[in-house]
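Have a look at this one before I ask anything.
Letters A, B, C and D mark the chains in the order given here, with residues in each chain numbered from 1 onward.
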Amino acid sequence: MDLAFTAREQAFRDECASWFGQNPPGPLASMDTPDGFEQHRSWEKRLHDAEWSAVNWPRAFGGREATLIEWLIFEEEYYRAGAPRRLNQNGLFLLAPTLLEFGTEEQKQRYLPPIASCDEIWCQGWSEPNAGSDLASLTSRATRDGNEWVLNGQKTWASRGVYADWMFGLFRSDASSERHRGLSYILVPLDAPGVTVRPIAQIDGEPGFAEVFLDDVRVPVANTLGPEGDGWKIAMSTAGFERGVVLRSPGRFMATADRLLELFKERGSPVALQDDVARAWMNADAYRLATFWAVSKLMEGGTIGAEASLNKLWWSEMDLHMHETAQRLLGEDAPLDGPWLDGFVFSLAGPIYAGTNEIQRNIVAERVLGLPRS
Amino acid sequence: MDLAFTAREQAFRDECASWFGQNPPGPLASMDTPDGFEQHRSWEKRLHDAEWSAVNWPRAFGGREATLIEWLIFEEEYYRAGAPRRLNQNGLFLLAPTLLEFGTEEQKQRYLPPIASCDEIWCQGWSEPNAGSDLASLTSRATRDGNEWVLNGQKTWASRGVYADWMFGLFRSDASSERHRGLSYILVPLDAPGVTVRPIAQIDGEPGFAEVFLDDVRVPVANTLGPEGDGWKIAMSTAGFERGVVLRSPGRFMATADRLLELFKERGSPVALQDDVARAWMNADAYRLATFWAVSKLMEGGTIGAEASLNKLWWSEMDLHMHETAQRLLGEDAPLDGPWLDGFVFSLAGPIYAGTNEIQRNIVAERVLGLPRS
Amino acid sequence: MRFQPTADQQLFARTVRELLEKECPPEAARAGFSAERWAKLREMGVIDMLASGMTEIDLVPILEEAGRAALPEPLIEAAMIAGGTLDGVVTAAVGTRYAAHADVADVIVIERDGALYSVRRDAVTLQPVETIDAARPVFLITGGLESGTALEADRDLADNRATLGAAAELLGLASRCIEMAADYAKERHQFGKPIGSFQAVKHKLADALLRVEFARPVVYRAAWSLSRRDETIERDVSMAKAMAGEAAAGAAKAALQTLGAIGYTQEHDLHVWMKRVWALNAAWGNPDEHRARVASAVLH
Amino acid sequence: MRFQPTADQQLFARTVRELLEKECPPEAARAGFSAERWAKLREMGVIDMLASGMTEIDLVPILEEAGRAALPEPLIEAAMIAGGTLDGVVTAAVGTRYAAHADVADVIVIERDGALYSVRRDAVTLQPVETIDAARPVFLITGGLESGTALEADRDLADNRATLGAAAELLGLASRCIEMAADYAKERHQFGKPIGSFQAVKHKLADALLRVEFARPVVYRAAWSLSRRDETIERDVSMAKAMAGEAAAGAAKAALQTLGAIGYTQEHDLHVWMKRVWALNAAWGNPDEHRARVASAVLH
């Protein structure tokens, strides 16, 4: 057991820190506003030009072949520098690992580089109006017609769907199938005829979500990721944990915890809150340690299963608790516009998206503790 | 709305306070030990001799016909004086209100006076090994034979059953019945042939619980409380709330909260705990106010339904939180024998007995919020 | 000891509820201040209750109804701080730096050297402050604070009354959040069942309700202490604001988690209530500040 | 960066688990100290690990196993405070006023003026102190504290090692509490179903597990800091004790609520584990004290 970073890891960290020192991101407007979207896209271009946009990918697709540990180091330096959440996170963190694991060589070459360069923005197409927590009840269908899929149905809660060029999602490709069977993982260009994207105003009024209506949308069968009918397995594969780590790496939470310590000091000393501030920092540090723990296990060839659900529970509740603590520290100023309010509102979504925390607790109880299904 | 006590109520309080001032209870050993049992019984005798043992009962049975508000005042003064939990609480607080509501005149005259005098100690016979949270699945049966019931089965978790003279409980008197139907509420003398009482060691090693085995035990049919087959309704009747209030009146919790404030001051100032100490006091005071609120509603002819479940959730979690806070304040001394440890261990049972808090939350959700049954 | 609202108090609250169901449905609550509705509240006597001899206790059920409706108007300011003594649209910056609806007010109550003054809106300089609660815009008063007409009212009493008012509105907001969640949980199906049949949903909402129901008598007690000018006003009002505020924050959070993604949008009404909870929780002292005040009172 | 126990560490932990399954089943854990078991632990090299060149990291999985078994013997005291350097049955009153199993010890490590001394049991006066954990009796040393042989070990290092040891045992205790509850929840039926199929039970135990799993890497990091004599020892050890302690207290409480009345008796084994959780949570600083130490470290 060795928690010290290797010389190579330390050199990688120094390179990150140095680049961010010379290329401060500056404050950007919300990525869910038109102006903010463009600001974020140029920031992503700067990252890409310096080969920082997808450090853990193969070099062939725009990466640096960084290890998972180096990826975590990158994230720490990224958020320590005050850089913003990633605009194309669905492409980078949800689709790309799946493409790397299950995609054909052609698919990787076609789709990965424009994700890294942010030339093509992706949104996800999982949820449907009647398939949320119960995702396996989805009914959007893909009907085979020669070399094409004909897609019909409705997807919802597609984050940043209004700005996206592409959507990846699950479709019922076997009309007679039920639940988790007979689903295919299909990549859909949103400029295809028959696609209608309707923005949904988020709580803050910005069109953070979209509904995507599909009316006889034709896409090539070659747009299927992995084998036809294996969509559920692919979407939920062991890449799940890796996706979880890269989606919510500890770097961002550590940066928040450090800012919370500063806020506590600035606001004088409401002693009753010191305990919660200490808890917030401890929770973030524990998440960082647990991530290094899990990544070390993966790098030694171990596997991660339902622990991904424990992870999601931890980061989402920790993030909410940190921001609630900040709101309490801010007193009368809590509801005022600013980064803490934005962070608070965003953190409220944590226990909901990516599988509600109720579903995650079921998974932990059933798969880790072996309790019977309801 | 008037939160001030009337002159009569104030005079009642003064009389209580004066008597307890002149008759301090002194420290007693645990009522679950043989010595402690006798000490508690003599304390109850002193109460009874001075007509304090059942102030809200009719005078004919040993009470003072105190109003519910006066009863709450009595409890405040009782616990403020440091007096102990009531030895015959199952008789006083669970059986007596039911007897007063559903009993015949003969039953009241036979059973109430020895409860007040503590000459007959009662235990409850609700739970069975396979009927805990799911009480309606009980299988102990009462078979009619002329003017007698023949009782067979097994009851468990009868608090202080080893010291009790009588048990009240539910029995299936209609062998073909299911669930809540066909149960009768029967009073059982524990010295009857065929009764075997087995002590169960509580967590603290004392025989706080008992199992009661019934093997062809014969009791007169006259020992039925209320109509045959109506046992469930009688046990769960509107007396439920009143029982809840008298079983766990605010006086005891306010006394604990006040002692917690003293403990906090004595132990110096671990500031992080000030917030929890303040919460503890606020929770107890809120319980006191909510009780006056509910009792005022009852006295005006209002009814109380599933609010009894809200009440149980509040007092049990408040009591546990107060004692956990005390344990935290005590630091290294937390596990040492003494009143705070006793109180902590006792408070741990709160969310379990008298209907687990899980069951109470179901009741609130279904009956108050109208959510569908599972 | 008789600790229940009187029949008259309950009747008046029902009348106000009916008015607000008509005049302040959710789409109106979203839209913000309405001069017409203000006039109706005036006409009904809701704003000048204290001035016409009623007590803080009488106002609690009314403000609870205002919360239930997420009423945008500055009722707390006009009825509790100005005590119903001022005409026109009234708001205040007393006990808080941020004056709600100051842009549409005729008069604003301010504090100076521990005393209260009423100033005309056109006599002061307003600076808008962006907050999460768009239906209740707030403003800093950056100039003209030396002007105004002295009011007789006591500054601390006005502050405590406003704090109580916020606590009462928070109760109503909280109750409505829980109702919205329960309604949704009865309708929304997943896994072939209404989600309200799952214990995770049931228990979350039962716990939220528990906190609201136990905060309500605490709020009434604070009103009673205020109405008698008791020595325990500070402790009792703080306890009310702390407990009602935490209950409301918890109810909003439980409702959001029950609704899931739809609760995180502006398509459902929940967000209007949730934002008002956040706004009133922060105004006139947040639960932490008030709990610290209770701690001082009981520990020293 | 390689943050996983080595294959050797895991193997030794498995060997110790097997020993304890045989030598310390629940009925033995209830019965308390056993000289025979002490001799076996000695023989296996568990007690003198630090003295034989192993590190605090190597001890974490061993102490976790001791917790899983609710081992009554003073392993923390002998292995972590005395550092495995003393023969016989060893206990200590370092970093705590109460010396566990002092009545059966041959030597007791005490502190005086910031230094450590070993004293023979018959040289000191012991006063028994009644506690909830009958299998781990504790004693105050009321006389003879001026005697003893100076030890080379550093007092603060010994205290931090003991604190880490308690944190590691708490992890094991917590895991076992959760397992007992899960086992019961699979077997016990109410309403025609195993109670483990109810979300209220599932979610309670999932939350308990969550805290334990996230405390474990924190405990290993503290061991690593100790093994390197890092500057962050105090912060890291305190964080470990605070998080493992709260996780264990939460696990015990969740297990008790899952078991219900049977968990509140001595007929089920849970109480033995639960009482040890309470005892070790209070010893060598409780979670509040340690969290305050972390707060000082990160806030100043």
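Here are some notes:
Basically, a contact is a pair of C-beta atoms (placed from the backbone, for glycine too) under 8 Å apart; a residue touches a chain by one contact, two chains touch by 3 or more.
Since the structure is predicted, the reported quantities are computational estimates derived from the model, not experimental observations.
Counting steps between touching chains, the shortest path from subunit A to subunit D takes 1. With contact taken as defined at the outset, subunit A and subunit C are each touched by B, D. The chain pair with the larger count of C-beta pairs in contact, out of B-C and B-D, is B-C.
Set against the Cα centre of subunit A, the chain with the most distant centre is B.
Distance between subunit A and subunit B, defined via averaged C-alpha coordinates, is recorded as 52 Å.
One inter-chain figure worth recording: subunit B and subunit C are separated by 39 Å, centre to centre, where each centre is the mean of the chain's CA atoms. In this assembly, the C-alpha centroid of subunit B lies 38 Å from the C-alpha centroid of subunit D. Multi-chain contact residues of subunit C (touching two or more other chains): 198-201, 203, 288, 291-292, 295.
Shared interface positions of subunit B, defined as residues touching 2 or more other chains, are 272, 274-275, 358, 361. The touch graph of these protein chains is complete, with an edge between every pair of chains. Against subunit D, in their complex, subunit B makes its touches with residues 127, 130, 132-134, 137, 156-157, 200-205, 209, 270, 272-273, 327-328, 330-337, 341, 345, 348-349, 351-353, 356-358, 361. Considering their complex, residues 1-6, 9, 69, 261, 264-265, 274-275, 277-279, 281-283, 285-287, 289-290, 292-293, 295-297, 299-300, 302, 307, 310, 313-314, 358, 360-362, 364-366, 368-374 of subunit B touch subunit C.
Those residues of subunit D that touch subunit C in the shared complex are 198-200, 203. Residues 271-272, 274-275 of subunit A are the ones touching subunit B in the complex.
On the side of subunit C, the complex with subunit A involves touching residues 96-98, 129-134, 189-191, 195, 198, 200-201, 253, 256-257, 260-261, 264-267, 271, 274-275, 278-279, 281-283, 285-289, 291-292, 295.
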